[in-house]
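Every chain is named by a letter (A, B and C) in the order it is written, and numbering of its residues begins at 1.
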Amino acid sequence: MKLRLRLSALHCAVILGTTALPLPALSASGAMDDLLKVLRDKGAITESEYRILRNSAEADQERASAEKEEMKKDLSEATRDTVKVKTGKSGLKLESADGDFHFQLGGRIMADAAYYDEDRTRMGNGAELRRARIFARGAVYHDWFYKLQLDFAGNKTTLKDAYLGYRGAGNLKLTLGNQKEPFSLNELTSSKYITFLERALPNTFAPGRNLGLSVGTHGDNWGAKAGYYFEGVHNGSSPKSQGWGTTGRVYYAPLAEKTRVLHLGAAASYRGSDGDNEIRFRERPESHVSGTRLVDTGTIGGYRNQKLYGLEAVAVYDSLSLQGEYIRSSIDVSGGGSDPDFSGWYLFGSYFLTGEHRPYHVGSGTFGRVKPASIVGKGGHGAWELAARYSSVDLEDGGYQGGEENNITVGVNWYATPNIRFMANYVRASTDPTSPVKYASAGDEDLNILQVRGQIDF
Amino acid sequence: MKLRLRLSALHCAVILGTTALPLPALSASGAMDDLLKVLRDKGAITESEYRILRNSAEADQERASAEKEEMKKDLSEATRDTVKVKTGKSGLKLESADGDFHFQLGGRIMADAAYYDEDRTRMGNGAELRRARIFARGAVYHDWFYKLQLDFAGNKTTLKDAYLGYRGAGNLKLTLGNQKEPFSLNELTSSKYITFLERALPNTFAPGRNLGLSVGTHGDNWGAKAGYYFEGVHNGSSPKSQGWGTTGRVYYAPLAEKTRVLHLGAAASYRGSDGDNEIRFRERPESHVSGTRLVDTGTIGGYRNQKLYGLEAVAVYDSLSLQGEYIRSSIDVSGGGSDPDFSGWYLFGSYFLTGEHRPYHVGSGTFGRVKPASIVGKGGHGAWELAARYSSVDLEDGGYQGGEENNITVGVNWYATPNIRFMANYVRASTDPTSPVKYASAGDEDLNILQVRGQIDF
Amino acid sequence: MKLRLRLSALHCAVILGTTALPLPALSASGAMDDLLKVLRDKGAITESEYRILRNSAEADQERASAEKEEMKKDLSEATRDTVKVKTGKSGLKLESADGDFHFQLGGRIMADAAYYDEDRTRMGNGAELRRARIFARGAVYHDWFYKLQLDFAGNKTTLKDAYLGYRGAGNLKLTLGNQKEPFSLNELTSSKYITFLERALPNTFAPGRNLGLSVGTHGDNWGAKAGYYFEGVHNGSSPKSQGWGTTGRVYYAPLAEKTRVLHLGAAASYRGSDGDNEIRFRERPESHVSGTRLVDTGTIGGYRNQKLYGLEAVAVYDSLSLQGEYIRSSIDVSGGGSDPDFSGWYLFGSYFLTGEHRPYHVGSGTFGRVKPASIVGKGGHGAWELAARYSSVDLEDGGYQGGEENNITVGVNWYATPNIRFMANYVRASTDPTSPVKYASAGDEDLNILQVRGQIDF
């Protein structure tokens, strides 16, 4: 049994229900009025007969009008109670007519391959599903929302977003559950929309997703968000208290037009433990297929707390954009050891050859989906973007020799459709470790990486 | 491309197709009839002309009626072949017009945090996603049904329900696959609806979900279910036979009204192994964030079989309800060791300050979704429930020193909407182990727990 | 709030918009025309009055016609922008009216139980969820498609299909991501449709799913596909390059009618490594509940490359079908060791007692869903199929003693509905290892297996 529907009742409503003008009723002909007048004027019918027949014709008209009014009323009630079903860029979207209930289902697939030309550090060429995700999100009773997003890359399950929230208290938005801490524009921008295959080196400092409670708000050209979080998913079997962090971010966009943006942001986080927690910073060379890291502090014992600071700036001028961040971590170690300060920064520029721009969302202070002006599959050629980045991270301080890395990346992105993108990055990663870190031998390492990605989100 | 539908064809049907009364056809005016009569009576037209014109007017009417009849027929056919789409409490519901095919998609998120004040047993404060689930369920060809439900909490995948079934054999319902064994009201009540954050201590005995085949039936005030199950998911790489269990439950509800319920139930299970299986009972102190257990038999070797007995009773009187259970496990150990008997029980009461009640489902003999009388997001304040519980488990017998635990819990639940709930529990857990169990040192432990949950299901 | 839609606007369209014939307009009665003529002919109205009134009546008609034309236009636009929603065999299907956008969501559940009667190899009776999957698939902008399929059996996450693709280049289909390599009809036939519970012994050689890029095409009675793949999912933490394979398959179907099929196919694969990869062939005895293998080469070190060859043949004659394959693997081992050649083959026949046939899809060169002539739940008894198979694998060559196994299987399948199937297989597995393999002791093993499955896909 095949159930198939083609639905267009909105249009039914438009057609049947919106003739608000006093049109001649369908059942009452103007010709009847005219004929009666002629017959009366010629004496074929008397004035009183005319009036009776006139009333009869008017009754016809009123009956028809009443039927129409009823139609209009029923249809407007029907329209009030409808669910909108959408497909297209998204897998599935449902929305109740009053907008109070939403449901959306989708996911993303990213397939990567990478080739490494290394000096001495063993990398390993190959391919991987970088991300394979599904999500469900929605809203109920207008004021409540939720999202559940799961990643299955590497045949492992990773809970990404898993939260519920409330947006009924004025301009405030409360979110409870696993969510991104408001720190670092690069981290907060969805992996679907980041300009390069991987986020820049200083991303090692970004707390990313943790379980907590946050409150956010925003205006026409600014936003702010703060929250309290527990670090990671509780082990469940380990009788240790979890670390925690309290994190806040503010941003101001003096320019927040469609194709002209100036965004300035700052974030801070204070993160602590009960004294038995450890901390470690390490980062892959902006390439994920190989698990090898060129910089790695190793486990820093006696970790007491950490202060994180971040600065962000972006300018968008039509097809051109410039983005940069600086992040610093100051760690307080118990015992006699000196307290290390680690830091990193990046700067990148991107240019669309085909005239598109990076779209800014002032509500979240992040960048979103690029919409190609012409679409492959509809006779177009897609959007083409060139990009270059310099990034740097320094994990050497206070006697901790995690290494320092400086990377240059050039990339080209092809947006075949709004939700399909192919990317290619060449990365030149350079380190000069004073002592060997895991996998990486001592001495200069100048690593060349060529990596490509095919990506779809639905 | 945006596809957007507002659909209301049912209402189209109502409007266009249900004018079963012999209304004047839209195209035939009563005025015409009247005019013809007048003209005939005045001699302006002859009797035979009148008849011809009368026929012509009737033909107009019949043509219009025929068009309408066709509309009605087409629309009634259309209505027969439609799919209903719903959103709201549930993420997505589809239903064919004949009701033979269903499909539903949804999930649940529970975010917990817990603070522990312990005497000597190490617990560890923190937070966790207690449950993060998605499910798909449906029915095909009326008689067949299925459900697949997955939990991803803790970044692990756990298959929950995964079954297919047949309900076409009279009042019987056959279910094949991973499913809850029919034992213990507390276990059988969905985690979405349980009154406290965690089920009571004796839940350690409940078999929970296993792969098997069950048959169930029920009447207006009773139900029964029995099945044969293999224990756990087969290891797949271990050349050992799985344990098994045969389990049955009956219940009788002399009172099964909407707000007045009296439920009495009994269940039993006989569980065996091929002699090389082990058994272990242990339970967290009605708090899941910490993995520490205060009672734990450890692995009992030489396990041959087990007899499980359970008794249930619930009374609901408007906003007030009382629920209790007693469970006993008698274990047969091979070799000279004495055969231990373990047991536990709980009793709890709950009261809705806002007038709601715990809804009973006689079909499954369990309790379901509380519907708040007023909803946050629609101008309301939600439902408020107070609850208190005493629970006890004794894992000391026959030389096995698993410990004994007695807990007092008080809780408050706030149902903001029918599918969003916030919970807070204070638990006082007391043990006096004769010998240390894992994590727990010997001597009295009086543990205070404060735990909270935010929960949504969709 | 319950949102409920019964949608039938297609039928609205049919009713309101397709009266293309010059029917009398609803508002203009033929009776009016007739009356005017009579009145004119009798001199009750003058010729000029007649013309004016005639015009007035025509104006009524035109107004009504215009309204109808507008309806038709609006409705045809509406129909162009609609989404079709389906349920039934599949959980959920959406399709835009232009067919350019699709979205489908579904899954499968297979619950197995097995009993083993062994000579000396330890097997272990039990049950398992053999497969528990969900998938999302779709198409966007006509030319692009994607699929994400996940398996959660055994409480593990396994990425199955995870790809995106392009079909806009003539008759070519490009696919990027995790996908089945085009090798072995048995492997390429979905587990939903294979004739026995498990694929035949030589399936140990089939590469199965890997991450790569493929290109395929097909005609009315032939098809070809080739691709380049990386082996397995990249470890991510191991600094080794992945193995790779380049694989191609061609098939020709001189007979490709609905119930008469002759299919001939050949496939080859050249698979390599950077010299540090290992290879291993092993296979369960066509039963999956127990993890024990009777044949196992163990890890073959120094693996350099492998050449795989496969031949396929199938004949379908109404309810009867015969299918066979031969697969050979030639391994190149570095160092002095001799290079082993392993091989296997199978042949099976199946017959539908109830008249159905195995449906062939020439586009993929595989077999699909059996549609029972009568359905349980709609008054029918389903389809019944008998099947028998002989299969053989030889993993002994060049000094590698992986064993040789010969199996006989007889099976019966009951297709209750098109998407629900119950299967029972008796397998007689015989080995005569020259040396013991893992779990299996030396000497003859004659293993009898009885296994059953309940399966649904949605």
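Of note:
Going forward, a residue touches a chain if its C-beta (ideal position, glycine included) is under 8 Å from a C-beta of that chain, and two chains touch if they have at least 3 such contacts.
Note that the structure is predicted; figures quoted are calculated from it, not measured.
Its C-alpha atoms superposed on chain B, chain A is turned by 120 degrees; the angle is given in steps of 5.
Under half of the residue numbers found at the chain B and chain C interface occur in both copies, marking it as a different-residue contact.
Separation between the centroids of chain B and chain C, computed from CA atoms only, is 33 Å.
Shown for chain C are the residues that touch two or more other chains, namely 1, 3-5, 7-10, 12, 26-29, 32, 35, 39, 44, 81-83, 85-88, 92, 96-97, 100-101, 105, 134, 156-157.
Of all residues in chain A, only 1-12, 14-16, 19, 23-32, 34-35, 38-39, 42, 44, 81-83, 85-89, 91-92, 96-97, 100-101, 105-107, 109, 111, 113, 121-129, 132, 134, 152-157, 288-292, 375-378, 416-417, 419-420, 439, 454-456, 458 touch chain C in the complex they form. Chain A contributes residues 1, 3-5, 7-10, 12-13, 16, 26-29, 32, 35-36, 39, 44-45, 49, 52-53, 56-57, 59-60, 63-64, 67, 70-71, 74-75, 77-79, 81-88, 92, 94-97, 100-103, 105, 134, 136, 138, 140-144, 146, 148, 150, 156-159, 162-164, 168, 176-178, 211-212, 230, 233-242 to its touches with chain B in the complex.
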